[in-house]
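Once you've had a glance at the structure underneath, I'll fire off some questions.
Letters A, B, C, D, E and F mark the chains as written, and numbering starts fresh at 1 in each.
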Amino acid sequence: MSTKPISRYPVPDLKDLPSDMRERMLAVQEKAGFVPNVFLALAHRPAEWRAFFAYHDALLEKEGGLSKAEREMIVVATSGANQCQYCVVAHGAILRIRAKNPLVADQVAINHHEADITPRQKAMLDFAMKVALESERVDEADFAALKGHGFSDDDIWDIAAITALFALSNRMANFTAMRPNDEFYLMGRVPK
Amino acid sequence: MSTKPISRYPVPDLKDLPSDMRERMLAVQEKAGFVPNVFLALAHRPAEWRAFFAYHDALLEKEGGLSKAEREMIVVATSGANQCQYCVVAHGAILRIRAKNPLVADQVAINHHEADITPRQKAMLDFAMKVALESERVDEADFAALKGHGFSDDDIWDIAAITALFALSNRMANFTAMRPNDEFYLMGRVPK
Amino acid sequence: MSTKPISRYPVPDLKDLPSDMRERMLAVQEKAGFVPNVFLALAHRPAEWRAFFAYHDALLEKEGGLSKAEREMIVVATSGANQCQYCVVAHGAILRIRAKNPLVADQVAINHHEADITPRQKAMLDFAMKVALESERVDEADFAALKGHGFSDDDIWDIAAITALFALSNRMANFTAMRPNDEFYLMGRVPK
Amino acid sequence: MSTKPISRYPVPDLKDLPSDMRERMLAVQEKAGFVPNVFLALAHRPAEWRAFFAYHDALLEKEGGLSKAEREMIVVATSGANQCQYCVVAHGAILRIRAKNPLVADQVAINHHEADITPRQKAMLDFAMKVALESERVDEADFAALKGHGFSDDDIWDIAAITALFALSNRMANFTAMRPNDEFYLMGRVPK
Amino acid sequence: MSTKPISRYPVPDLKDLPSDMRERMLAVQEKAGFVPNVFLALAHRPAEWRAFFAYHDALLEKEGGLSKAEREMIVVATSGANQCQYCVVAHGAILRIRAKNPLVADQVAINHHEADITPRQKAMLDFAMKVALESERVDEADFAALKGHGFSDDDIWDIAAITALFALSNRMANFTAMRPNDEFYLMGRVPK
Amino acid sequence: MSTKPISRYPVPDLKDLPSDMRERMLAVQEKAGFVPNVFLALAHRPAEWRAFFAYHDALLEKEGGLSKAEREMIVVATSGANQCQYCVVAHGAILRIRAKNPLVADQVAINHHEADITPRQKAMLDFAMKVALESERVDEADFAALKGHGFSDDDIWDIAAITALFALSNRMANFTAMRPNDEFYLMGRVPK
């Protein structure tokens, strides 16, 4: 386990946190075996922490036209474009697990055009990259292209909203120099 | 009042919304004289709506080292860089009112280097623009520069977090083609 | 009235100027109620001043396939892309007046794709932005697209030439830190 | 002599032009041996033609803190950045002649950092490139750097204004596909 | 083992290759357990293959002021900037092994500013990124900065030349859609 | 003949070089009348020198679907984009000679869209520029477009590989401040 700082800012002790935050972290720890550093680093600001995870759960834990693996693909691809170390490493791990695919996260993070994904998923990531990097140019042709791949209006909202949430998250992680837990690097790479 | 659509997505009627959302909107309406379209357009997704406004209030309505006008400056400058029509127009109005200055919002939206603001505020906006446009390059020198202008670590978090929240908000507004209320354009321009 | 400097360079007194320049300025003052600062700031160099306004009048005061409001739209959109405070604020005012529309200038300055303008005007501004930002890529397909919207070859010259003139003007205004007159900010916003 | 078109637009015959324009062209022809195509291509619009050459002469034919060769260096460097074939080829020829140096034009057009010019000239071109490519960022530090190399405020105006004029000129030449006269390519390369 | 194509171009059989190429590949296979796809994909052109690996060995297998792990860091960082999937994945594996560090490759590929490397290594990668992305701006100040970290002139050549070789290699891999061997993804991640 | 340094690094004397390198240089000298500086500057590293010229000869001296002039066009266009003074000047000379055209090199270096070349050659250079500047986006549509102009798969490899080799070469020349021989500037400009 690394002893390097996980944020430029002070990180509270679990025991000093409000009970709702602590309980959420303990639940994650029980499931994953460790507390992902984003929970600890953002806990410096409890009100923002609660809003962030409410937003996150509304978009990433949802059932719908996008699979959970596809939701993570969006995170990994756009976080790669924003050079966010925490998000690529941590969500790369989640993507490998959700997609049951040890290769796809590294592929998507570097260049989604060359990843082992479907044409529909490439169209999804093309749009996510446009929202991430030049949202002012989104237009009706983008909607038409996505509908041609079977995405509904609500699926398209999900793609854009996940991208937008990680536009926020990437900037917070980069600005605080948030460090990914060492555990993430290997998760989902070795068949159980 | 414009009858143009305010979003690419369906906009719910106030009467069909959950009561917490409706009450918040009625309170804003009472104060401002109208419901800003961001409340209506984002209401397409109640869970995300609640997270967004919780995040917003935690950062924009706060007292602290940054004045409320300065918080709005950050929104206007970075939304200008992201070419977000809704956010520049709506938050430009709020900035004019909070700063009691009819000129500063247009100046900051176009080029903050030439705005009628203090050197401390220029340093604040230089940092906000870096977080908005190249957060992967934030480093210790940025923190040192801001501290030289008297910003505390928590002020710096506020600058970055407001910028990050509007990285999200700008992308949502651009993607939904969110339309600013006509009322915003004139607010704060004419002395009462 | 602001007492802030209007240029990094000395600004001549009206009474010290050659009579042709003084008369032009007095005529504008009589019509607008004030002398726009561009007349004063550029007067530091009389020969360049005369060339600039001759060029300006040949393109902006002309009748032809483009309305005067459309000519100002080109100025506002490309000056927004060049982050020129003077030109966005001053020509934004003129655009509001010529278009008899209090909203369109702010819309076009931030993101013309989302402005209340016609598809023909969007095509006009798409081309103006290409001339402003990557003129080396203008090709026959651009001419064909514009002709499909009914623009003649001479209209296309007007679009490009207005853009080119403000490529010059934006750089002069940015370099001299030319300050917009306070009066411009409110012009055309309140119905008479 | 090439028979390729010199502009996307009609080019008037010398004999059909107003006498002031024709006389200027004949004078240039007598001196250079040919009429540079910019005179013919821009003659499609006489009023703009007159304004352009008045502006040009006020800045390029002037005596002052910058030599005439240095004025041409600014044109060549910034026209290279704007990928303007006419301006690089035609003004490259003039620069070779005015600098009595057969190498400097190609060097400056490709990468002025590696050209056979003085540190003062490099500082001049660094500033010209900033005005050409990101004029919104010009600030007091730029003026201080130039003054450290002995440039006066009026020299700095000349650097910026020549750059601004060719921001216009490059866009006109690119948009009209203006073709450099074949004669320019060899001018100033062979010692007489 | 993946059965997906490893190149857009035909890939020769080992048995059909000239003996020098086949022997090199068999030697690598004996050491690594598999033949890295770059050997097979580039074998479409034997003369270029020989030149490429001669260049590679001269720079990557060399002893000198840079450790072999540092040489691979340069490859991984600049290949990340060029979005080259093959080079990031394959050289990421080699970097993990040479640095005996399971984390550093992913860190350097995403954002070297936040990697677990020394200030000297950050300076090395800052320079490599400049050579990769804007080599026309390399100047004496870059050499001085590197010498301040103890790099000799020949070390600096190594940094630049490795970067230059992978500018070539990244473009070949991207253009041929070269696929990394599945084996690379896990190499060096699990302690033996 | 210039006495300016031709590289930031020491340049060996011909007499001190291994015989294979010296013989190659003497052969070039006999043919061209001088030793191009790239031979001397890269000789600082004999193993890299041999790999570089082996690579060069395999791609530039080859017969095939691309003429030798077309191969040089690729070098000149992409070296212009990379602002490499040595490569534009030296290969511009070779292009003039191989194309028997005194104008085409300057045209292609500044803006290949406006050069006196065929539509097929423009498509070739469009692709070369994509490989030079954004190789991660090369896709099947690029191959289809080139085949529509009659290029074979092996011709396309040649275009990409020449571009890739000069991605390397441009970076080496820029980093060493490699100086073009004065002789190149005039070569191929004057009819014999």
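We adopt the following convention: a contact is a pair of C-beta atoms (placed from the backbone, for glycine too) under 8 Å apart; a residue touches a chain by one contact, two chains touch by 3 or more.
Given the structure is predicted, the values throughout are model-derived calculations rather than measurements.
Taking the definition of touch as given, a chain qualifies here only if it contacts chain D and chain F alike; those chains are C, E. Centroid analysis (C-alpha atoms only) places A farthest from chain D.
Compared with chain F, the chain whose C-alpha mean position is the greatest distance off is B. Counted by residue number, the contact pairs of D-F are over half the same as those of A-E, the matching pair from B-D, A-E or B-E. In whole angstrom, the spacing between the mean C-alpha positions of chain D and chain E is 44. Chain centres here are Cα means. That of chain A falls 24 Å from that of chain B. As a whole-number value, the distance joining the C-alpha centres of chain B and chain C reads 28 Å. Computed centre separation for the pair chain B/chain F is 51 angstrom, with centres defined by C-alpha atoms. The multi-chain contact residues of chain B, meaning those touching 2 or more other chains, are 83-84, 111, 136, 174, 177. Chains touching one another, given as pairs, are A-B, A-C, A-E, A-F, B-C, B-D, B-E, C-D, C-F, D-E, D-F, E-F.
Those residues of chain F that touch chain C in the complex are listed here as 111, 113. Residue ranges of chain F in contact with chain A, taken from their complex: 136-137, 139. Those residues of chain E that touch chain F in the complex are listed here as 8-9, 44-45, 47-48, 50-52, 54-55, 58-59, 82-84, 131-132, 135-136, 138, 143, 153, 157, 160-161, 163-165, 167-172, 174-175. Contact residues on chain D toward chain F in their complex (touch as defined above): 4, 80, 83-85, 88-89, 102-103, 106-107, 109-111, 114-116, 174, 177, 179, 182, 185-186, 189-190.
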